[in-house]
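Order of writing sets the labels: A, B and C. Residues in every chain begin at 1.
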Amino acid sequence: MARVGVFICWCGANIASTVDMEKVTEAAAKLPHVVYATNYKYMCSDPGQKTILDAALEHKLDGIVVAACSPRMHEPTFRAVAAEAGINPYRMQMANIREQCSWVHGDVDEATAKAVDAVRMMVARVAQSLALEPIKVPVTKRALVIGGGIAGIQAALDVADGGVETILVERTPSIGGKMAGLDETFPTLDCSQCILTPKMVDASRSELIKLYTYCEVEKVDGAVGNFKVTIRKKAKYVNTELCNGCGDCWHKCPYKKIPSEFDFGVGNRTAIYVPFPQAVPNIPVIDRETCVFFKTGKCRACEKFCLRGAIDFEQEDEFEEVEVGAIIVATGYDLLDHTQMGEFRYGAIPDVITGLQFERMSSASGPTEGKILRPSNGEEPKVVVFVHCVGSRDENYKEYCSKICCMYSAKHAVILKHRIHDAQAYLFYIDVRAGGKGYEEFWKRACVEEGAEYLRGRVSRVYDEGGKVIVEGQDTLSGEQVEVAADLVVLATAVVPAKGSEELARILGISTDKDGFFNEAHPKLRPVDTATGGIFLAGCCQAPKDIPESVAQGSAAASKTLGLLSKEDITREPTVAVVDPLICTGCWNCVNVCPFGAPEKSEITITVDGKKVTRAVSNINEAKCEGCGLCVATCPGNCIDQRGFSDDQVYAEIGGYLERVRAAKNSD
Amino acid sequence: MAAEYYRLNKDKVGELFERARADYDVVAKTRDANGNLVYGRPATFDDVAFVDEQPPMSAKAFALPQTETLVRYEREDEKIRAEGPEAEARDVLLFGVNICDAAAFDIIDHVFKWDYLDDPYLGRRADATLFALACAAVQQDCFCDRISYAEDGVDTVAYPLEGYYLVKVQTEKGRKLVERYHDLFDAEDGDAEAAINTFREKAGTAKKEPLLESARAGLEKAFEHADWEILASTCIGCGICTYTCPTCHCFDIQDEGSAIAGRRLRTWDHCTGRTFTAMPAHQPRDRQYKRYRQRLLHKFWYYPERFGPLLCTGCGRCITYCPVKINIKELVEYFGGLKDTPPGGARHGK
Amino acid sequence: MATIREELQAAVKKLFDDDKIDYFVGYAEDYGHTFPAILTKDSDPSRLTFDRKSYDNLANFLPELRGSRVGLICKQCEVRTLNVLAAEEQVERDKLVVVGVPCPAMLDPRKLTEGAADLDSLDESYWQEKCRRCLERNTPLADVFVGERVSTPTPAEGWPLLEEVEKMSAEERLAWWRRQMSLCIRCYACRLACPLCYCHQCFVEDNKPQWIDKSVAPENNLHYHIIRAVHLAGRCIECQECSRVCPVGIPVDVLNNVLSRDFAERFGYVSGETAETQPALTRYERDDKEDFIL
């Protein structure tokens, strides 16, 4: 028999007003294995903890049940008390008689009976609990940042600042992300590129940051502290050692009418290109899809004009495996695909554009050199309609608020007024969300000082007529139908996770929410962590964010990463799965279902009938196991058990409950 | 006692059954939900199958139930209360049981009263009267003619002759049964033993030379025979042969319940199963052929060595119901040196 | 013309003579029964046969012979079993010589009466249910094929007994199962005859914790049968050996059939249909149907 002490907490009146403390104590004292039971007003207080310590020594306890609040609240507290008393922390169990009992029940008798059940279950469980020791795994002191936008750049700079080598993977030819394409930024109207490019240069110059541009993460193995990451280095067809970024190749490329991804189609690029003049690194890539040579086998103009012989049409994708201890995911966002939404006629009417296209036009370094022009005829627009919440806050598309659109639409209205003084901006909005330092003041300025006309209502119809784009909608403040004959319509389209996010989530073994944004471990208290140890989030891949928030989260993720990598080894929860190799049949169901790659194919040699027989069996890599229990439940031969949640423990716990059913049956 | 002989008219069997139900807990062959023959407790003679055909399950469960509570316990606070089950009060009459099933009880009695008196078994055994029905023809795979087991412990045997049953009474319990319903029985004045012998010759159940006993000397040298591995490896390790066998009697003792209340029970177990001799660190019979070999040698060597009779009445159920049709008789003959050719032609050859 | 028996015996002899196999697993006829036999080079192949009482799913004997080179008679039942076992990495296909046969449809031993006439001529009413559903009578992908190929009749659809049981009201159905379960003697022949039940330790053998009481009682028996069926969900290849071997005649495969039908309807999945078929339950596809998940 075990020697279990039961400590029942009043939680002031939280528990004691609904659960009869004395009755629970009395019942607990009579249970098998229990040698001591008591109650106290606040078990988590110093005197409460001392009660446990003293009783543990006096009664030679080897197991503890604390009947109190949720283990989420105080399990660490009481585990520490157990350890102090010389009892293995994993032989301490909490019976939740607050959240799951006193708070949700009114009847004292029934709540008391339920509390007794909870105690009985946990006593039975503790009696079956094995002493567990934490698992220690050495840490690889290197970090990986996926995504080279502002959040990723900031994270990489901060990690490197902490003295840790960082690999920054970016799938486009240059780091910089969406911010590199923006014009001025709200609410201060400072130039986006002017503040970003120094950071880009810092990143490229840092000895501790290795830039992997035009690269993608192909595969991730391992776990916190020790990830093995396979990076696909897409063929650039340019020898980066030889190229000096002179630009001869892209100037000579005969194929110049390729819509530029960086400019969202507002401008064009060549087949060999750098996405924008300030690109880091300033090294072009050949786009195999549009290059004439790859299509027809003829041209090679770039090769001919490259004085350094840097063009290499023979290049192929390469794979490199890197080892890192932590991963920061900063893959950013894209805009909702307009082909889903017919009502705004995006694509059908050339003068209907997105906010990001407007940014490229108004950017001084953009394809129009900062001139805002109507795509249809290249004339200056005089009446511009900005539509908020295109696809956001809309149950037909995305229910969430994209957060940045109110502010950038206001900014667009201001920029419009600055560039075309006689232009008039109309903004259709649902309500204006301007929570942020200086934000409220900024949109008021747009309204009051810059004369932007805010119309509260949704747009019902957009059509072209007589060279104008007619926008129909309702002004719900005046209750009137509104019709604006616009020269240009700018849609504040919903922010969605970057393309490929779902695939990346699968590769990383992290989860996404219903909209495809990566899930944080806790919405309030762990907004930077994912549920997978060692993987952190920064920027819009977690939820729509503006620049300061993305930068803040990038720094936060870097701080988390530095914290993790500052240790020589990391301590992992010992509640991992363990295989009984004697009964494992090697069917590999565990290997198939494990999201973390923890079960590994191994062998065991046993003696049968006097002969050595080698069998293929599964073995759990403790450094990778997250203790999710999937393999435990899947194993058809019941060969896998989970420490701390063993079949014996769970079965004993259920048995403890069933005693009540049995007692009720007997009294009938 | 000396055997006595009576005649029971065939049309009186129903009346015997109905009247016996007043005095005995009567067990007889009947049909189960799937139409299979089974020993049960039919309520009327209409439901009785008074036939010589074997049911898949032998009659042993009436002395050794498949699952039986030995003791119940309950903990109240500090005290633990334990009590055995109440003994069943009524006498049992096994009505129309096959001789091979009936004769099996005498064989397994040895083990239940050997070093320990097994009260639950012996109590039920003492309360049971056997009214056997002799087979008019051999069953599908039976070989009772090859085994010289004793039948004189079978209380009464009814031989179906032309127009009537010749009832041979062999024990006091049998005599008591006939006396209770004496008006249904007539005296037999002919040469009853001669009639029985003729009947058994015709039925094919007359004892031939008891060959299987003579296999023992060979079996005692055959433990290490290389062909066990090949011939017994088709055994899948199920419990059919032992559970249907009238003489297999191994059981396991198990506890069900918790630290607070429950029961200790015994339930049939089978040596052909892979957990039978499994210990935490070691399984001495670590391959299936060793488990099958244990069953065969226990029946034809170890048991007779300790108690005298073979642990087999030749009923043949272990062949008929075996999923892979392993034939114990053929294997005894082969490993006992009575036959040169292995069943199916399989030899290990090493 | 050589009979299939002669062809088979010659083929087996050749496999041994050419040193292609260490063991041959087939059927032998002796003492009035056809039964599985494991032969070595030194065995006498003259009792080998393949007839309409070649019931056993021979793939069941492969675990015992793992590591050796084995020749195996494969009907469609064995072929489907091998496909599942291969997907679960339980057989070494390169060590296996598949001896193909034309399957004449197996007879249902429960439908055979004593001294039945010429077994070869018995019609569909004497067949095992599975044979009516057979997809291919001639072993596909056989390494050696013996006998004359036969044509495969159009496979029958549906599971007649399952449909009959499902027509019952809930109360009737429960009563029916209770009656069946009261017959069960827990010999576990259904589990052990199943070639896909290959665990070294079955849940019924666990005792810490003891998932299932050892006492034989209808509720415990049902508990066992349901878990057995669930462990075969998406795996059972409907060879019906579990029902054939039951000494008390419980049609336990009805439980398996419910699940097979669900897999067919929900996922369009037929277990062991091809050598490429992957286990259904441990695979996750993003476009898996979820419409039946509440």
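Quick note on the criterion: a residue touches a chain if its C-beta (ideal position, glycine included) is under 8 Å from a C-beta of that chain, and two chains touch if they have at least 3 such contacts.
Worth saying up front: this structure is predicted, and the values here are computed from it rather than measured.
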Where the centre of all protein Cα atoms falls, which chain's Cα centre is nearest to that point? C
Count the C-beta pairs in contact for A-B and for A-C, then report the pair with the higher count. A-C
Inter-chain centre distance, chain B versus chain C - centres from mean C-alpha coordinates, in Å: 31
So the centre of each chain is just the mean of its C-alpha atoms; given that, what is the distance between chain A and chain B in Å? 70
Between the Cα centroids of chain A and chain C the separation in whole angstrom comes to 48
Two or more partner chains touched - positions in chain A: none
Residues touching two or more other chains, restricted to chain B: which are they? 287
Could you list the positions in chain C whose residues touch two or more of the other chains? none
Residue positions on chain A within touch of chain B in the complex are 30, 32-33, 608-609, 655, 658-659, 662, 666
Contacts from chain B onto chain A in the complex sit at residues 75, 77, 258-261, 286-287, 290
Touching chain C in the complex: which residues of chain A? 582-589, 592-593, 613, 616, 634, 636-639, 647-648, 651-652
Mind pulling up the chain B residues that touch chain C in the complex? 32-34, 36, 38, 56-57, 66-67, 140-141, 230, 233-234, 236-240, 243-244, 252, 254, 256, 265, 267-268, 270, 273-275, 287-288, 319, 321, 323-327, 330, 341-350
Residue ranges of chain C touching chain A (in the complex, touch as defined): 67, 88-90, 198-203, 206, 208-209, 231, 279, 281-284
